[in-house]
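Starting off with a structure, shown below.
Chain lettering (A, B, C and D) follows the sequence in which the chains are written, and residue indices restart at 1 in each chain.
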Amino acid sequence: MATEAHVQHPNYVKIWGILVVLLVVSVLGSMTHIRNVVLIAAFGVAVVKAYLVAKNFMHVTIEKRWVPYLLIVCLLFVVILFAGVSPDVMKHSGLHWSNPSANAPAQPGAAAAHE
Amino acid sequence: MLERYLTAASTYAHWIDYQFLLIAALVGFWLIVAEGAMFWLIFKYRAKDGRPTQYITGEEKHLARWITIPHLLVILCDIVIIVPAILVWYNIKQAMPPADETVRVIGQQWAWSFQQAGPDGVMDTADDIRTVGELHVKVNTTYHFELMSRDVVHSFAVPAFRLKQDALPGRTIIGWFRPNRVGTYDIQCTQMCGIGHGLMAGRIIVETPQDHAAWLMRNANPAAAAGLQVAPAPAGNEATAVAEVRR
Amino acid sequence: MSASVKPIANTRSGTGIPTARLITWWVIASEIVIFGGLLASYIMHRIGHPEWADSAAHTNTWAGAFNTFVLLTSSLFAVLAHKAADAHDGPKAAKLLRLTSLGGLIFLIVKGFEWTADIREGFVLSSGGFWQFYYTLTGLHGLHVLAGMIIMLVVASDAAKNQELQRVECIGLYWHFVDIVWIFLFPLLYIAR
Amino acid sequence: MSTEVQHAEPGIFQKYFFSTDHKIIAMQYLFTGMAMALIGGFFAYVFRMQLGFPNQHVPGYGIVTPGKYNALVTMHGSIMIFWVAMPVLIAAFGNFLIPLMVGCDDMAFPRINRLSYQIFLASALILLASFLVKGGAFGGAWTAYPPLSASGAYNLTPAGAVLWLLAVALEFVAFLLGGINFTVTTMNSRAPGMKMYDIPLVVWMIVLASVIFMCSAGPLIAGAVMLLFDQTMSTGFYDPTRGGDPLLWQHLFWFFGHPEVYVVLLPAMGIVAEIVAVFARKKIFGYKTVLYTTWAVGFLSFVVWAHHQFVAGIDPRMANIFSVTTLLISVPITEMVFLYIATLYGGSIRLDTPMLWALGFIAEFMIGGVTGIFLGSSSTDIYLHDTYFVIAHFHYTFVPIAIIAVYAGLTFWYPKMFGRMLNEKLGKIHFWGTVIPFNVIFIPLFITGTAGDQRRIYSYAQFAEQSRPALQHLRTTSTIALLFMLAFQLVFLFNSFWSLRHGRRAEANPWRSSTLEWTVPSPPPHGNFAELPTVYRGPYEYGLAGCAEDFAPQNVPDAALAEGVKV
């Protein structure tokens, strides 16, 4: 049983060309060493590339609606995880606690963290 | 209610006990209602010859009410529970009353050691008093504690104070307590910390100001000049303490 | 039970999505949380440790960029294989799938050279900090590439005989997902510094 | 690819060890899970004896040293959750019921199904092997907090810790494969006519549990890889002296660990729904509402995890958020229980053994539910965290889930699984002999917990407050009750083995139930349905007007209902 032809196949080579151009952009952007440019070149472009692959190669946009929703919900859970964990792990001090070892692994002596 | 089971010896012990009572009253009511309703229905609708079952989908308005109304009441009870819960939490863990004294509490496999200022009242000086397994504190005095661990995760629990806080290696966590009752109370480690976990006991001795002053004078140790800083050192540095716990 | 005898359960399609593609989506969903958990752990540590940028500067951006190019190109072959399979051209699909796994092979070889260079410089898994995440992330991703290649070759050998053509699309979907993971790993490990 | 494919009768080895038949795989999971339950129960016996009669020779084991005690409680927890509750509730019932209840011949991917069991079996064997290695089995609690679990120098069981982690990771892989298979089968392979709201609740709940498991286990799989590297490749992901963070594991663990509670709860709720409907002869009160609350619970279970960590050193401000979400999750769960109780209204209730178990589940689970409020409220959790109150609370949820609901399901589907009826009288003795001691075990533990007994402590002799004689009496009471409860399980073992040969032969539909699995002979043949069914209505049509019987099977067209059902 072959898959029914459910997609109009777009011009894949063209999309591949765009992806390669984007790759070049992100590498060139990273050469500027300007923080914001690097970040946009790196992550902004990555999001665009991922979207292009998901849309054109994986056809998520013409798949049944709940499939992209499922994938987005899974991403959402990761975001929730990040939001719940980062106040403890990303930061090295907070209300009535500090994590001196994370800042200076070898340094002896624990500075007390008063608010 | 909780005091029937265990002495309350710190100022916030009663806050927690009242919160416990509040929850017990509310959920106790709901438990009795729900269990009662269930057993009554089981009895009332037991199989009888000639009484057929009724066809009910649960979407009839006059019946769904019986779910909706209790359901809203449950939400109400949740709010009644959560507001004081957060208030008490805020006062114990977030708000920090000014300290009269500070102690440093260090957990390690498998003993609690303590460091507090000697007669000069200043921490990290030569006359600091270091003890293992025993913490002497003054009654009606607000203590801040700096909690650390040398090796693995421990948990500093003083049930009589209703106090519990995990000690994490690498971190320093500040908390407070104010003992209001003279006596000797247990410290238990409540986070699995290795084979000696069950033996990791300590005591807090709450003393009158006079007794405490006398204890301070007896134990002030000017000789302990070296190695003032207590560091959350890497594992294995403190073999002596392990030996001490086996005393 | 031989491969040719499928239960009726396998041939039904209550959702309108063929069963094989449906399971592929669920596998991808579960992979999202696996990679997501690891990436989230890495990102929060990375933001908390700006000094890791010095370690990240040692990674070879050109090798990473080349590998990105290789994976993008192999994804192109994978989707062309899907197109061929839709046209019921099994042998062509098989050829394209083999090209795709060749891309995976090149990717792994480049990765191997990179790792060798890093290890020669003294940066190993146990170097801590950035490096432990670098090796774990690229290693986990590399395993997925390897697994994808092997499955792809199996699918290709069936497809060459015009059998199980629906699998061409499924392995392609998986491959694109692995590609997308790399699209994010590349800036996270090679560019951000 | 069609029914005319004749399935040749395979050899006995092929049939029972390498079968792809979902029913055989279900039995494999069931018996493996039951065997593990015996082991886990034995561990409970040993450490309860140590607590009830401290430092005395435990018959059948010997002296319990602190290290052995830790290993026993760790393995009891791990086994009961990962190797008993999950395989029996999800895998055994899921495998057996899903194809039968949705009306198809097997799982969508039978060979993935077989692989799932084989990986699961390997994980169980690895776990048991950890008792034989140098240093013995891992004793760092089932939560395995690093750095204790990450370093052999701390836990003194270097090999045991690695094997434990490997076993858990493999078990996860097995359930990912199995769960995805359940989900796909239910979504795609339903009988013609079976719409979304015609799926029996137990199938819904097993599938939702699988989905929750799939979405929550990922981060922990990643975390387990990191911990494995910490243990074996001297990385420092969780080592604070090398820039790692032990809290990260706790978060990853509980991000999985809390949804896991619902992963095992939901199948139990589903089993109970089926039984309550059949024995009350009632449609489930608000079938759709039950489903909506299930979805709500499933989603909310992802945002409550840090209530396990209120005092674990997380930022205290975060505790407020998680306290609110935790109380929030009580809303849909309460609603679900209310709906189950409301289902009894207007019914015609027969108290056969399965129904006793199902009602027992609801009654006992409510106690577990309400005591959770004490722990979800952040301030009381300061005191109660990691005390015996917590132990009593979650045993009041897990025992109803993994024991009471499993017995409900087993006694209910036993005729379908084995083609014989169980003995009713023995079943009732077993029920009361289990449920009464169960309460006597754990009610005293609520009291010792509020009196300050902390968990995982092998002897309270060195704590003045905890070594009061009154508390020791409670602990002894609890231990003796456990002995009774364990002894009464022999009744069940006897009943099930005796009935296998001597029980009354079961007809296809002994309970007069309306779902599809009862339309095939007991036990169902290979391929399940002689003729694949078509579904005409929802799963719980009892007491429908204009119907010759008091139930309307899902596969009988409306026109044929009035003529009566041929059982």
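Couple of notes before you dig in:
The rule we apply is simple: a residue touches a chain if its C-beta (ideal position, glycine included) is under 8 Å from a C-beta of that chain, and two chains touch if they have at least 3 such contacts.
As the structure is a prediction and not an experimental result, all values here were calculated from the model.
The chain pair A-D and the chain pair C-D differ in C-beta contact count, and the higher one is C-D. Measuring from the averaged C-alpha position of chain B to that of chain C gives a distance of 48 Å.
For the pair chain C and chain D, the distance between mean C-alpha positions equals 34 Å.
The geometric centre of chain A is 40 Å away from that of chain B, both derived from CA atoms. In chain C, 11, 15, 17, 26, 29-30, 32-33, 36-37, 40-41, 45, 49 are the positions where the chain touches two or more neighbouring chains simultaneously. Within chain B, contacts with two or more other chains are made by residues 93-94, 169-171, 173, 232. Within chain D, residues 215-216, 219, 240-243, 245, 247-248, 252, 255, 313, 316-317 each touch two or more of the remaining chains. Under the contact rule defined at the top, the touching pairs of chains are A-B, A-C, A-D, B-D, C-D.
Interface residues of chain D facing chain C in the complex, by the touch rule stated above, are 1-3, 5, 7, 20, 99, 104-111, 176, 180-181, 183-185, 187-190, 194, 214-223, 225-226, 229, 233-237, 242-245, 248, 252, 255, 532.
Residue ranges of chain C in contact with chain A, taken from their complex: 11, 15-18, 21, 25-26, 28-30, 32-33, 36-37, 39-41, 43-45, 47-49, 61, 65, 68-69, 72-73, 75-76, 78-80, 83, 85-86, 88, 165-166, 169, 172-173, 176-177, 179-180, 183-184, 186-188, 191-193. Note for the complex: chain C touches chain D at residues 1, 4-15, 17, 19, 22-23, 26-27, 29-38, 40-41, 45, 49, 125-126, 128-129, 132, 136, 140.
Across the complex, chain A meets chain B through its residues 95-102, 108-115. Contacts from chain A toward chain D in the complex involve residues 73-74, 77-78, 80-81, 84-85, 87-89, 91, 94-97, 99, 101-102, 105.
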